[in-house]
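Each of the next two complexes has chain A plus one other chain: chain B in the first, chain C in the second.
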Partner chain A sequence: MPKSNIKEVMNKFREVVDKPYEKLRQWKKANEKKMAGCSPMHFPEELIHAAGMLPVVLQETDETITTGFSYIYPFFCGITRNLIDVGVKGQLSFLDGLVYADICVQNRTAASILRQNLPSVYVDVAQLPSSFTRKGVMEDTIKELDRIKANLEKLAGRNIDDTSLKQSIAAYNKNRSLLRRLHNLCQKNPRLLPYRDMQVIVQSSMLMPKEEHTQLLEKLLAEMEGMKPASVKGSRLFLSGHLCQSPKADILDLIEGVGGIIVDDDLYTGYRYYAIDVEMNGSPIEALAKRHLEKSLPVPTRTGLPMRWEKYLVDRVKASKAQGIVVLMVKFCEPHLFYYPFIKEALTKASIPHIMVETEHEVVSLEGVRTRLQAFMEMLK
Partner chain B sequence: METQVKKANKLDSTSLIGQMMTASFADIKRQAAEGKQVVWANGLPVYVLARAADMPVLHCEGLVAGLAAKRLEKPFQDAAEAFGFLPDACSYARSFIGAARITMGDYHLDPSMNQDLLLMPKPALYVNSAGGCGTGRPWGEAMATLFNIPVYHFEPRFLWNESDLKDSVADFVRQEQEFIALLEKITGRPYDWNRLKEMLVEVKRTVTLRNEAMKLCQHIPSPASFFDWATNIAAVAHLIGLPGTGDLLQKTREEVEQRIAQGIGAMPNEKYRLYWDGILTWGKIGVLANKFAALDACVVAGAYTHLVWWPRPEMIDPEKPLESIAYNCCDIMLLRSYEHRIKVLADFCREYSIDGLVVSETQTCRAFNSHAFMIMDGLARRLGIPAVTIGGDSCDIRFYSDAQVDTRLQALLETIEARRKVRQV
Partner chain C sequence: MALGYYSDLVSKGEVTRVAVGVDIGSLTAKTVVMDSNSHIASYKVIQGKIVDEAAAIASLNQALNDAHLTNEEIGFLVTTGYGRNMVSFGDKSITEISCHARGAQFLFPGVRTVIDIGGQDSKVISLNGQGSVVNFAMNDKCAAGTGRFLEVMAHALEVPIEEMGALSLKAKNPATISSICTVFAESEVISLTAQGRLKLDIIAGIHEAIGRRMHSLVNHVGMIPPVVMSGGVAKNTGVVRALEKLLGTEIILPPEPQIVGALGAALFAMDELKAKSMR
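On to the complex of A and B.
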């Protein structure tokens, strides 16, 4: 594949990420297929896929919040405000269904407000257990997944049998494994792609038909794996945080612009999304439940995980040989707010330099952030 | 000529709450010093289960609200911020994480401060039962990590449909059973079911009396105000299950009845009857009560006081203690759908003859603010009741502005007045 084809593939990914809901509406019209959205982080898209519908992970768009402020206060996080705003403006009405998984109180509020304001859309909330040490959580998770499955079957007008669910899991596992291959490639050969492009690739995977994305990804990898390592100068950085939504490209450009080489991350629109596969043996619903309960990366929206987030981060930063860590915190993200002090303490104890950058839906002046990042990079030298 | 400033006519019995809270904290410290294992808890009063296991319980929100009402909460918040907390995080949780840091000796109080008041006994167990508020999860985890103690997270289900309640209660009972097993493990004693049953007799008496007394405020003029009931939450939250709460509420009920008989109102000249949505700024409780009095407005009821703490007293059967507690932790406003909430609130507004709605923004609480605008809009459409939002926060006084509150209340009352004139025409 000639190099210009990388551009072509990236453009295809970018097209859907730049204006996701407009593009998806067009796709639905062209393909006459049902489509169901799901909230980020905890809902297994495979269930929607197995029902023969296109699963779409809800994304934060750049749209200025206007009508949404008649429904929600400004001190809710960016993606909550944004989704309520685009929802009440009618931009999500093309969806046939919308399934939330209980992440936090803000996310549940968005589900409730959208349920009231999208009368033509089936809106449901998967109340998956969040405390993993409780007795019977596996049974409870399976029961809840079965309930949602039955509702998705009604919506799709077809049954989700074990065979089709396994096929969907396989399609998702394949896509995840390719994303991991790309992740590893970029770790070995940083700056092969600007980090903003890596985000576009992951976000587009959440929006496009999985099979199409996988095909494009294979093409991209075939080309990129043959490329010579780029010569890069700067400090190796680990990016952490930003649960639920992708960081703004401006911030990522800024980090790279001041000499940061992003070698690893635990972002939701990054490693967190593709880190872990679903087991192919046994009951597929049980396998999805297992992925939720036993194989989650440490995450502040769940409790009773075998390892706390700060410990996991220290280990990952060390393994990636990053010189420092940039913690990207979405303003008003309460789960993250409660873990940051512990992360800060653990990083300090492990002598890992870090900087916390708070991000907002409305991009504020980047100059202050640039100065702070420049000072941080000076410190790392 | 000297102008008489109108002030809220607070219930006399409410002043006893402060004394009971002080005595209770002193008692918890005494019991801790004697070697009893202390429990720290947030949220709904399922922690009464631990109290029956002879473990003193410190209710985080109760303690912080009490300190904030006396403007003593700041050292806790300073300790949390020194640790890395940002002011956007729930101020109840943030304050108590600060308290934990102080207890652990990781943050030192200024020697001039009242150390005895601000130093808490170290817990052996943390209980999160923040019904409907996801913040309880990371809050509980933070506490367990700081103290290196076990934590139990109660997870009541959100009730999207009326039919969900039964399943939710059954699920909650299962959690209570698991929690009791944990209590037995920690204390090394079999659980004292008889004590729990006895405690629930007192709980039922207390919450029933409170609900009856609150209902008497449908009378015009209202004999007590939201601010009385806010102070009174302590009796059904932090103090619940302890001796004396039933007697206290008996006095309160009698006082309310007496006021009705004598035609005495909570506000000297009640012209407007209001409903309060959201939590209140505890550090301004007295200021707010008097502000409303000066405007001839009485806040007669609110979600935080009336629809959260033991909302189903009729379901308390001491012979079925777990189900009793489960109903009262699962059927709360925060876990209910918008459709249910708006129906309940509309009935509430009719029953209490409400003229207007005051929505307290509570800047660091997303749970109580989840449907604020839809509730304002829904009640305006159903009943034509005007509403106004006012800034503030439960325990972080920095989010409160007197000037803003004054202007907005003035606007609300003018709207109510204009509507009355239109009706007369």
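On to the complex of A and C.
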């Protein structure tokens, strides 16, 4: 495949990411298929897929917040304010359903505001347990997944049997494994793709029909795996944070522009999304519950995880041979802010240089960020 | 002049040259010319309402002139400051954080903390004792507490900015001023003036507000003495005293605090020059 085909595939991914809701509306009209949105992070998209609907993970768009201002506090995070804003403006009314998984207080508030303002959309909140050490947590998770499953069946007008759910899980596992292959390839040959493109690839996986995305990804990988490693000069960096939204491309460009070579990440629109597969043996609902409880990557919205986030991060940074870590903090992300002091302490203790960059929905002063990032690179040399 | 101009001349082996650092800040442009013995041959600070390439070139030309040198005798030129990437000349750009640290270490070997308050940004840099930066914090959202903040306050009080430091030391009952926002702080100053508060007390309050803001930035990186202060605001004795009181430590002042960044840039240029001559 000539290089121009990489461009062609990337353009297809970019089309949907640049204007997600417009593209999804067009897709729905053309395919006459039901579509259900879900909040980022914890909700298993496989359930929506198995009901024969198109699952889409809601994304933050660049739109200026206007009408939404009257519905939400200004000290809520960007994606929450943005989703409420586009919701109350009617831009999400093409959805048939919208399922939130309980992530944080802000997210729950968004669900109730959207429920009131999107009367034609079925809106539900999946109360998936956040404390993993409680007795009976597995039973509760299965019970809640079964409840949501029954509601999705009603919405879709068809049953979700074990066979179809397993097929959906297999389709998702396949896509995840390809994304991991791409991740590993870019770890071995950093800068094969600008990191902004990596985000586009993952975000488009959250928005496009999985099978279509998988096909395009296979095409892309076939080409990329034959490419010569890019010549890179700079400092190896690990990127952490942004738990439920993609970092702005400008910030990623800045990091690379000042000589940062991003070798690994734990971003939601990165490794976190495709790191873990769902088991194919036994009951598929149990397998989804297991993925939520036992295979969850450390995250500040869950407690009682097998490993604390800061330890996990230190281990991952060391394994990736990164010289430093850039923590991307979404302004007003309470769970991340709560956890940050532990991370800072652990990184300092492990002598891992780090810098925290706060990002927000509205424009950040990029010149100041550039100076701080460039100074961080100079410090690493 | 184009990028790489000076270094190209050296690589061609045409001349042995001086190292130059140009710090293009928001309110001033500073140049330091360093001779081959790492001595400061000359320096120049140019104050302007808008600092652009012309101001940067003016400071460079005047510093060269003072040292009886011409452009052709520059071996390597490093730009720094917020306008470091804006200008079309220079061989390399390095951030003001690295440059202030390097300049301060040159002047005061063993310095562990550098506080720099410039025209529109302020930073605290932590060094390891050998001159390497180990951590830093910088104002990233707003310019309250910087040189521009002081300018706005001086204007509101109709007091020459150079006199603010000495005046504030005579204050007996400092006023309380918000340290959060320049615009709101200006309103507070106007309102305090209307209430009949003494200018001395208001100025002392302004300096304390800057001190509190910097204190919080210092806490981000942790303070280890000796502490050096650089940047134009270090010339204001009132701010320095307020900070010393809040930090509970003595602050060492360079003879010319405004050129520390340009000095650091010149030292980095000297490294490049030496490395080139060894190749």
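To be clear about the criterion, the second predicted complex is superposed on the first by the 381 of 381 C-alpha atoms of A that agree within 3 Å, B and C clash if a C-alpha of one lies under 4 Å from a C-alpha of the other, contacts with A are read in each partner's own complex, and residues count from 1 in each chain.
One rule holds in what follows: a contact is a pair of C-beta atoms (placed from the backbone, for glycine too) under 8 Å apart; a residue touches a chain by one contact, two chains touch by 3 or more.
Please read these numbers as outputs of a predicted model, since none were measured by experiment.
Asker: On chain A, do chain B and chain C fit together or clash when superposed?
Answerer: After superposition on chain A, chain B vs chain C: fit, no clash.
Asker: Should A:Ser112 be classified as contacting the first partner (chain B), the second (chain C), both, or neither?
Answerer: A:Ser112 contacts chain B only, not chain C.
Asker: Contact-wise, after the overlay, does A:Glu378 reach chain B, chain C, both or neither (first, second, both, neither)?
Answerer: Second partner only, chain C.
Asker: Anyone got the angle at chain A's C-alpha centre between chain B and chain C, nearest 10 degrees?
Answerer: 80
Asker: Going by the touch definition up top, name the partner, chain B or chain C, that contacts more of chain A.
Answerer: Touching more residues of chain A than the other partner does is B.
Asker: Determine, under the contact definition given at the top, whether A:Glu367 touches first (chain B), second (chain C), both, or neither.
Answerer: second
Asker: With the two complexes superposed on chain A, say which partner A:Cys104 touches: chain B (first), chain C (second), both, or neither.
Answerer: A:Cys104: touches chain B, not chain C.
Asker: Give one of first, second, both or neither to describe whether A:Arg308 is in contact with chain B, with chain C, with both, or with none.
Answerer: first
Asker: Could you state the shortest Cα distance, in Å, between chain B and chain C after the structures are superposed?
Answerer: 6
Asker: Share the list of chain A residues that count as touching for chain B in one structure and for chain C in the other.
Answerer: 358
Asker: Residue numbers of chain B touching chain A in their complex, please.
Answerer: Those residues of chain B that touch chain A are 80, 83-86, 88-90, 93, 97, 132-135, 137-142, 145, 151, 153, 155, 157-158, 160, 171, 174-175, 178, 337-338, 361, 363-364, 366-367, 369-374, 377.
Asker: Could you pull out which chain C residues touch chain A in their complex?
Answerer: 82, 94-98, 121, 132-134, 136, 138-141
Asker: Mind pulling up the chain A residues that touch chain C in the complex?
Answerer: Those in contact with chain C are residues 353, 358, 365, 367-369, 371-372, 374-375, 378-379.
Asker: What does chain A use to touch chain B in their complex?
Answerer: 70-73, 75-76, 102-109, 112-113, 115-116, 125, 127, 129-131, 134-136, 140, 300-304, 308, 331-332, 334-335, 337-342, 344-345, 358
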